[in-house]
């Protein structure tokens, strides 16, 4: 039920602090259907990140004035467990998690046939159990698997991955250390079938050329992770 | 004054569960005093100083322990501090909503806290660094991931396991300065192993470790905490129906037997 | 209108710090019908505890989704006045009062014919004006009188009292000092007609034998207090 | 922006009360400038350093005073601090809801606070312990138990009585250390006796000490605070109808007379 | 579009710290219709005070149980910008702004034909962008202009001004310094056509005679400001 | 998890705006890559240490800067602190409600903050007074007064202008004491001029500086921040439709050109 994939090193190019090649992902495993009560769920480990996602819905949106008359609404709640980071995090939403919740909702919505469920809500709860750089991408990747596990009809399975710049090199999938000390971070989410981008954020400093290189690298990373998402569903539901 | 979501159970479901139990049977074929399968893993969160994931049936809880240096409470200047907090995550049940802890969450963490504290699980005096000034504060965060009944026992078991898994840096005082040695990790000073058992009153019987389905139809709930010598260290009744003295004494008796077995698995 | 009862000492047994026998209650007085606006009310002094309770209802529960379709809901709010304790308490609910509010609701509900008032709420407001150990029991005892004063049909009048262990003795009705320094506290609420227990909590350390002794003592204490509850109603309404 | 519960009064009730008052009469037979019965007890809460229970008619308020040592406000480094807080308890009225203070509660405590502060009731300079560093802070908690109209006057009277009842420990400074002598209790330094009178405008008249029924139909409310020499120290208009200058001057005149009488009962 | 009026000095009487005569207002300018989205708006500068007001409504009150069945409700929100005062003010309402919001609502309501709009709300948002003593009066004065700009039918245009006592003199329109160090402050709002008072507050110490003098002075000040309100509307809408 | 007010736009409005844009036209006759009129005033609030009022079309934002002395963050002990806060005032739009910042407000202030911080606008090291102990903290409060689309660009431009307008007192350390000279005001140490450009994807086109009407019908939004040498320092996509890589690269290209022009007006 658990897939462990350590993606092999490629070219002997740039060596990173943790020994990875510039275009190498951290080990990933994804498991679908790990919770009893939720309509769909997934557990993902990505490097040191541990993320659990539960999906409820489509279900009736019980607050009338927030319903959309012609489609469903995707509502995400990204939350970090108090013990997920070095210094205990106080429970409850902070400004960072409010922003991530918003852009995660927007990253997932394009893939869903929302128009099938007017006046409904699809609630996605992302719990970061342990954080080590890249939790928002990990959350989106796991959320797609959980939505598929919930049987929500989707035109594609959104997948996310970051690239960035560390030690003057453009690299894939920043580790926690690279994220903190690095020069730029570029998380990206895509629908892999069309290559359309559903989330992009950036902070740091990248020339246009570096930006394009990082974006291409992130898109490449997304493709690899997409395969692992599919494998997780196959493992659960068979071919 | 907290408003509660109303959970309406079909009368027929209630009756069928109750009839079964009055005949000494349960929907999942357990004996009335039998736990569901229990799984316990520790050390599951690297960034926590101690952690545990516990499953009782499909109920799943993760507990993380974190230490920090803080001031002692004024009335216990020589004691470390234990803080127990719980979150009934909305992922765990459609009846849990995001927001500050509601009365169910507060009750859960307070009962578990009383069991650990009154049961004397941690020797808090040994967590004192400078009396009246600096002590270790241990945070236990109970993260409820999947709710299928009997959160109390799962949380108490997971907390005890997380405490036993916890290692904090050594703190020494040199020339009035506190020196924290993160290389030298020491275990928490554990004195006791207190645990909880929870029973639901359904029909005329008490059933141990109620499933969610059983909790939804139960009239009352009784949770008993005991320590190794069988003394009672905590108790909490819940639910809107009464219990008799005999039922309570019976619950204590079964709790002693069951926690003895549970405790053996903890070492 | 005010009943003052100092329950006489019995056996020359254990002497406590405040001179009481092991099975001796602190002086109690209860007065019913002390507020104008509330549907029912009661004022209770119990040792140094001063507790005021107001009851409103049964009245319509104005939030639809919290209504119970086939019965009334008992909602309690236990609150301590800022000046009721040694160090000023900040206004508003804390975790302790949230828990006590919950178990007080559950302690009172079994005695009420809730099924007579579907979709309704019975609101019980307990104000601790001065606290000296045992306020939750004092609140429940006073709340029953206030509910009777409000004319709410009940199968019995719930009464509460604690026993515990202090100085290695099992004793009735812990004082503030005994509660803080003592070895165990066991608050109990009963419906005296059947002896059925509607609230029980415990913390501390009691062997089974001690536990049973303490429980019996608490039940005995409840019986005595029950008489004072009845007298308070008689004083207000006549025999 | 606070939303208010709407209180709908039958037009007929409004008319009958108004007609009475236009004829110089009130439903409870009082004169237009007459208070209901006032009862005042002090020392009612042992754990408070000062306390009072005041009843005006069926309106009932309890006030407790607590002292603690705190830092002074930066702009008044040599003055003690008076904090006035009020809670409109849900027990007191079906229109009061649990939760943080709403605008009515805030207005009540702020108007009473202004009357006490601007009236110079406590000599705050005498509550300074170490200038700029440590002063006495006096908390007044206004606990509204039963609401039958005219909370302002009841709260102001009760607060003044509670202040007069308050005894705090002596604080002295020895070698830069503050020594609190809990055996040696001293009274608060009282300079003035400020009080409030509240009037409702109903029909063409001002009525003193409105009952709840009168408040529900009143168009406007005016509260006047005066000190012993008759000077005005506080004023607050409320309600959604206007007042004339003449009405305000009349209210001041009656307030002087009435507070003179009230003040005599306080000694 | 902007009117600047420095009201000339009268008698050579009392000189104040800022050189004004005892009955002299600070310079005022009012501009109507300064915002695009709001139904009505006004900007006012009064000495160093800068106040912006937006009005929305009459519009449906979306919370049923707060609707009045036979009239509209005036709801004000008085708010100070964090940068409006010397030490940064934390965002969100404090006790002072809650009280001012309440009395401002009550000061404006008498002038509006509320009965024309049952079940509706008229929302008045007062933003203090810079504060220099007298912001509540400035807010009320600007709010009336904004309400007129919104086309809300009114029987008069409420205007507000304070008088007070500083340096033992009764003076008009206290400056920030006079307000802080002064002996009394008396903010007043009137409907100038009838002279009826819709807001009056006072704190400090005034004998009856001083009080009456201050009240008369404030009423006189209101009359002057009323003309400036009218000019602002004429400038916007023509005669 | 924040609930959003639903804004329903008639299908016909959406179509007509989209058709226009697919033809390279806009309702207000702008080119697709053209800003509305921009007005910028600084020094508008005397009590703020720096301030700016910016208008882009009818969108109007006021920004105030305030300094205070504070402790540095533990991980950057030698750096001053920049805090960016925004309020979507209910006066600015019928869809903005009073209360704590919602997700739109949080996103606005965080994206602007990232642009300023990652763009290196202020040399934070120069705001250190005593390393690890005391640094200057600069608060930027973004006060949204009138909302007619494209808050991001207006806020970033206004913040940069307010920062350039800000003068803080000189702070020196003498004998371990911090001396603040309020007579000697110095400008903030400015290193860079980072700005944002925002595009809406409508139909098949990206349009710069979307008006409110355009925002209501847009499928996606992309905001790009660049510094003087054309490097990208911030980016944020919004909205529930996807974008292509080509669109993003195009947005970067236009942003460089447009911010070059904007920047010239700032000196």
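Letters are used for the chains, namely A, B, C, D, E and F, taken in the order the chains are written, and counting of residues starts over at 1 for each.
In this section, contacts are C-beta pairs under 8 Å (C-beta built on N, C-alpha and C of every residue); 3 or more make two chains touch, one makes a residue touch a chain.
What you are looking at is a predicted structure, and each value in this text was computed from that prediction instead of being measured.
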TODO: Touching both chain B and chain E: give me those chains, sorted by label.
DONE: none
TODO: Go through C-D and D-E and name the pair with more C-beta contacts between its chains.
DONE: D-E
Open item on the list: Among the chains here, which has the CA centroid at the largest distance from chain F's centroid?
Closed with: C
Open item on the list: Let me check something: if the centre of a chain is the mean of its CA atoms, which chain is farthest from chain B?
Closed with: E
Task: Distance between chain centroids, defined by C-alpha means - chain A, chain D (Å) - done: 58
Open item on the list: Can you work out the whole-Å distance between the CA centroids of chain B and chain D?
Closed with: 48
Task: Whole-Å gap separating chain A and chain F, where each centre is the average of the chain's CA atoms - done: 27
Task: Multi-chain contact sites of chain F, meaning residues that touch two or more partners - done: 1, 90, 98
- [ ] Would you pick out the residues of chain A that each touch at least 2 other chains?
- [x] 65, 77, 123
TODO: Based on the touch definition given at the start, go ahead and assign the chain network to line, ring, star, complete or other.
DONE: ring
Open item on the list: Under that contact definition the chains make a ring. Starting at chain B and heading to chain C next, list them in order.
Closed with: B, C, D, E, F, A
Task: Parts of chain B lying in touch with chain C, wherever the complex brings them together - done: 1-6, 8, 101, 103, 106-107, 109-110, 114, 117-118, 120, 222, 227, 230-245, 248-249, 252-253, 256
- [ ] Spell out the residues on chain E that touch chain F in their complex, using ranges where they run on.
- [x] 35-38, 41, 48, 50, 52-54, 56, 59, 77, 79, 81-88, 91-92, 123, 125, 127, 129-132
- [ ] Flag every residue of chain E that touches chain D in the complex, lowest number first.
- [x] 63, 65-69, 73, 75-77, 95-96, 98-99, 101-103, 106, 109-110, 123, 186, 190-191, 194-208, 211-212, 215, 219
Open item on the list: Help me check something: in the complex, which residues belonging to chain B touch chain A?
Closed with: 45-48, 51, 58, 60, 62, 64-66, 68, 85, 87, 89-94, 98, 100, 139, 141, 143, 145-148
